[in-house]
Every structure is written in structure tokens, then in C-alpha cells.
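Order as written gives the chain letters A, B and C; numbering starts at 1 within each chain.
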Amino acid sequence: MVSTVGTHEKQIVESVLFSAGHPVSCKEIGIATGLSGQKVHGILRQLMKEYAEKKDTAMEIVKAGDKYVMQVKEAFAESSMMIAEPELSSDLLKTLSLIAFHQPVKQSNLRRLSGEKIYEHVDILSSLKLIQTKKHRQTEMITLTKHFPEYFGLDVTKPEDIRTYLMEKLAQNVVKSTHDDSKER
Amino acid sequence: MVSTVGTHEKQIVESVLFSAGHPVSCKEIGIATGLSGQKVHGILRQLMKEYAEKKDTAMEIVKAGDKYVMQVKEAFAESSMMIAEPELSSDLLKTLSLIAFHQPVKQSNLRRLSGEKIYEHVDILSSLKLIQTKKHRQTEMITLTKHFPEYFGLDVTKPEDIRTYLMEKLAQNVVKSTHDDSKER
Amino acid sequence: MDSILVDNEVIHHLLFHKSLIDDYNDASRITYYVDLLEKTHEGNHVNMQDPFDRSIAIAFELVMQQHLNPWDIDLVSFSTMYLKRAREERIDLITAGRIIHMAWMVLKLQSDDLVVTLQHEQQPDDQLEWSDLDTSMWLSSEDEYSYTNLLLNLPDPPIGEPLRRQSKRKVTLIELLDAFDEARKESLLFQQMEQARKEARERLIVASRKRMIGTAHEDNLEADIDLVWDKINSFPSDQMSLSDLCDIKDKEELIRTLVSLLFLAYEQKVKVFQRQFPYGKIFIKTLGCT
């Protein structure tokens, strides 16, 4: 049985998610609100469900890695992008998507796919702590960090789950661009 | 008569208010969304009304001067206040507090207090207009600007008063934390 | 007429591969393709219900319409054309990716088996193409191939930055006070460390001067350093060139001055530098500590 969550406590957790602007853990919410970790967990589940059901709001609450974040629904993100500049160029996002899918991956293999710009991309992505390079025997292997799912608001953290997610997103992307193409005509 | 506002347009304005994180004008929202100023104005009125009527949300949309802002209702502000990232990193804050206490202070003396990182910090703090450098005979002297007391809500402006204020507050702080420590035991 | 010709070519191509393949599944798949191809030729693909069938049909149709040589498909241009068609036909693009992969497998079969049989010689191409990739290390599965190919051919990446709230809050007074407390402790520690470093430096200077004892310059070294230091201090500006301090044509004086400067630099009293290395003018700048 799910225990009833008081409106007041729910609003407190909601206000923390709103104010943070970045993914926060159950523990952090617990510290800020004085609620127990278990209670916070229950409230978060309920809030996510409620936001998902609300048709008339532009925001959503999602699990991002092991944390939770309030963000603009993807459908509205583009129109408000003017107000908040994106940090990563589409080129950088492509490189990151390659790494995310093929991780752990050798830098030389990436270079073969996307050329010399890879070196610069790897530097920027490392400095943003989205990827890390680790020595594996004689080779530098590139992998994602745990910030990756947090940064992009993914509910998955395992490499194979991230792969599945990317495959699906790419497919949706293609369907979407097909749709856009035909609308333009 | 109020014209009916489409849900989609309302959600776009809502997403702009949410993501901005600070008060925005009708004009800015218009530029970001491509909607006319009049339309934005109507949507904002409706959004404010809807948020005010919703009992179960922790957020509100209010008019702040000529601008509009989405913020946490006062009743929930306290628990969520500290969860957002502070504007100044703790390292920068340390440098600023040293300047506040020792002003007017030579950059070289600051370096002797806490090392090479001072140069970068002075640049950032200057660009934030919290400090200024002034030539005094042969030496660059660093002082606080009038924005410093504004930023921290201090009602004192003279260097010696700021110093006394900091010392007193610090002493209280030490006493308080000692007190808290002994309570925890 | 042309299209029938190519059509037969494609069928021959598939049948040829069928005869090369031992694996039952692959062989039956090719039989299936041949059936499909015949339907395609009859223009039936529009009515096909299964998206996978439909997409294969489109692939074959494309090969025929574009008069591509099935023995020599340029996979890069094929993929590009195919994706365009797939978009127009609104087929599931994951499936499309798989089709491209299959085409690539066919191509791989060609290169693996036929290069030897047909003694088909290829000049190495400077431009890197898909078929040149070393797939033994990676891109070894269908999904990897499809994903990578789609990603590189499509304009948009599969991930985008979510839009979140720009929430920087002001620092509170308490935080400033805490920072001050910490800064005080840190700067005490920093000064203690600096003092320790300074003492270590002085010990080193004494030691290094001692090491000079017994050399030809033993008697004069201390006096030389003091002399050069005096000259530097009496100079009207805090920056000067080496020629301001000595007659650089007098080799002995030049060396005496240079050695003294190196000691002074070591003691962090001056900075010695060149704007152009290695033959540029040598400059000396006092570091403002006496």
C-alpha cells in the first residue's frame, strides 16, 4: 500500500527540485527538507507521475542517473532555447553520441569515424566531465562518466541500457525528420 | 473580453519563465517565442491566474516591476533556498573575504596571503564589479565597490565598518557553531 | 529494358552468394530476397504490409533504378540514397539501418570471397570509406554498424541538452563569513609554508655559494654579486638590459655580470629574460624585494 503523501511535503520537495536547476539526489533533498530518504523517494515517485499526467504543464520531473531533475519537456525545449544557450554544439553531441554507444572506445577508432576534430572534442567533453579516458593495457580507452546520464536526464546508467536508449532516440529522430521533410513539401 | 489562449502557446511561455531563472520582460519572452507582445501579455495574465488558483503547486508566477518571474512560494522558500548553485565558488568567496577585510590591499600582498590563484580571482571579481583596482602612487590597490554591501545586504559601507562587521559576525558565528556542536553531543 | 537487365544481375548476384553460403539461415534469407525482388519488380512493394519487407524491396528497387552494379556497390552513396528514400517512404529507420548493414555484409562477402576468385584488383583509395574501416575491432555487430552509419549520415544527434532552470543564487552573508574563516586559516598555513620555502631557499643559496669556494672566482664572487646588485638598484628604472650593467664587449666582465645575475635570479631578486630566443637582447627586471 502506498502511504498518503501530505500536500505540504510534496510541495516542499517540488520547490527543492525547482530551485536546484540541476539534478539532485534523494539524500540532498533529504538534507534540504529534513525529510527521510524513504519519504523523499516516495514523494518523488508521486511527483513524477503527477507531472507526467498533467497535460497542461511545460515541465517534467525525470530521473537523471541516480538523481532527479525538473526540466522543460522536450517538445518545448527548442522554443525556449533562446533564453538559455545550449552548451554543446551539435557536432560535439554527435561525437559524444558515438562514444556513448561504443564505449569503451579507442580514440584512434573515433578518429577514423570523425577525423581530426575528435581530439578537440575529447578535450572539451573531458573538461565538462562527461567522458573520461582510462589506460587499459597499452591503450587509452574513452568511457562515459556518471555525469552523462545526469546531464542528459537519462533514467539509465548501464552501458547496454544507454545503447538501447540511443538506438531508440536515433530512430525517433529519423522518423521526426522524415515527418518534417514531408510537412515542408 | 479575454481571447482564448492555446495550450501550446501557454506552455511555451511557461517554459521560458521556468528556464530563465530570473525576471523576464514581455519583450524578451516575445523575442524568445516569436509571439506578439500583446499575446505574451495575455498568456502571462492567464498563467498567473492559473498558478494562483492551483493549491497543490509550490511555485507561483508574479509580476516583479515590469517583468515576470516564476518563483517558489514564500512558504516553501526556506528549505529550497540553499540547493541552487551559488554564483561565487567557495574559492572566489575566500579571496573576496580577504579583500573585504584587508582593503585597500596590494595584489602582491594578497598573493603572499594565498598564492598565485589570486590573479585569476581578482580578474573574475572585478568583472563581477564586486572589487576594483585603483592606482595609488606606484601600486595597484584593490578595494571593494559599492556593490559589495548591496550584494550581501550590509547596511555599512565604510571599510572600517565592514571590517568591524565581519569580525563581529564571525565571532557570533564561531560562538553559534560551538553552541551547535555542544548541542549535538 | 535496362531495369530488367539490372534486375537479372541482382538475382544472379544473390544466387551466386547463395551458392557460396553454407549457413542455412543466410541461404534461406537470400532465397527470400529473391522472392521479394520479383515482387519488387512487379511494383508490389507499396502494398507490402511488413515494414521490413518493404524496406528491403525499396533497397532493391533503388539498386535497379540507379543502375548500381550489384558487384560493386559504393556503400557510402548507396546508404545516402537509401536513407533519403527510406525517409520519403517513412519506413522504420532502425530497419533501414539493418538493410544497409546487410548490403554491407554482401559487399564484405564480395571482398572476402571474390577478390581471390575473380582476382579483382583494387587500388588503395586515399579517401577513407566505410568499407575501409577495420571492423575486426569494432562495428562488429549489426546494431553497431547501423547506429554509427545513421548517426554520421543524419543531421541531428540522438541526444540533446535538456532545458533546465538557470538557477544561480546569490551568496549569503553566512557563507561569506565561513569563507573568511577558512581563508584566514588557509592563509596562515600558506604563509607558514612560504616561510619554510624561503628558509629552504636561503639554505640552498648558502650551500651553493659555499660550493663555489675553491674555484677561481672564489674571492670575488660575493663582491661581484653585491656590485651588480648595486648597479641594478641605482638604475632609474626597474627594467634594464644587460648592456646597461656592463660592457658586453669585455668578455670577462660580461661573464662576471651574467654569473652574478644568475645568482640574483636564483635568489628571486631579479628576473632575467629574453624576448627573442636565443639571440635576443637579455633583459633584467627587479622583483621588488630587497
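In this text, a residue touches a chain if its C-beta (ideal position, glycine included) is under 8 Å from a C-beta of that chain, and two chains touch if they have at least 3 such contacts.
These figures come from a predicted structure and were not determined experimentally.
J.: Considering only which chains touch which, label the overall pattern as line, ring, star, complete or other.
T.: Per interface graph, the chains form a complete graph.
J.: Of all the chains shown, whose C-alpha centre falls nearest the centre of every protein C-alpha atom combined?
T.: Centre-most chain by C-alpha means: A.
J.: In whole angstrom, how far does the Cα centroid of subunit B sit from the Cα centroid of subunit C?
T.: Between these chains, centre-to-centre, one finds 38 Å.
J.: Using mean C-alpha positions as chain centres, tell me how far subunit A is from subunit B in Å, no decimals.
T.: One centre to the other, that is 27 Å.
J.: Could you state the distance in Å from the CA-based centre of subunit A to that of subunit C?
T.: The computed centroid separation for subunit A versus subunit C comes out at 23 Å.
J.: Note the residues in subunit A that touch 2 or more other chains, in rising order.
T.: 18-22, 72, 76-77, 80, 84
J.: Going by the touch rule set out above, which residues of subunit C reach two or more other chains?
T.: Residues 163-167, 169.
J.: Name, in rising order, each residue of subunit B that touches subunit A in their complex.
T.: 7, 10-12, 14-16, 18-21, 24, 28, 31-34, 55-59, 72-73, 76-77, 79-85
J.: Which residues, counting only subunit B, touch subunit C once they are in their complex?
T.: Within the complex, subunit B touches subunit C at residues 15, 18-22, 81-82, 84-88, 90, 93-98, 100-101, 108, 112-115, 151-154, 166, 169-170, 173-174.
J.: Okay, in this complex, where on subunit C does subunit A touch?
T.: 83, 86-88, 90, 92-94, 96, 128, 133-134, 137-138, 143-144, 146-148, 150-152, 154-167, 169
J.: Touching residues of subunit C toward subunit B in the complex: what are they?
T.: By the definition above, subunit C touches subunit B via 163-183, 186-187, 190-191, 194, 288.
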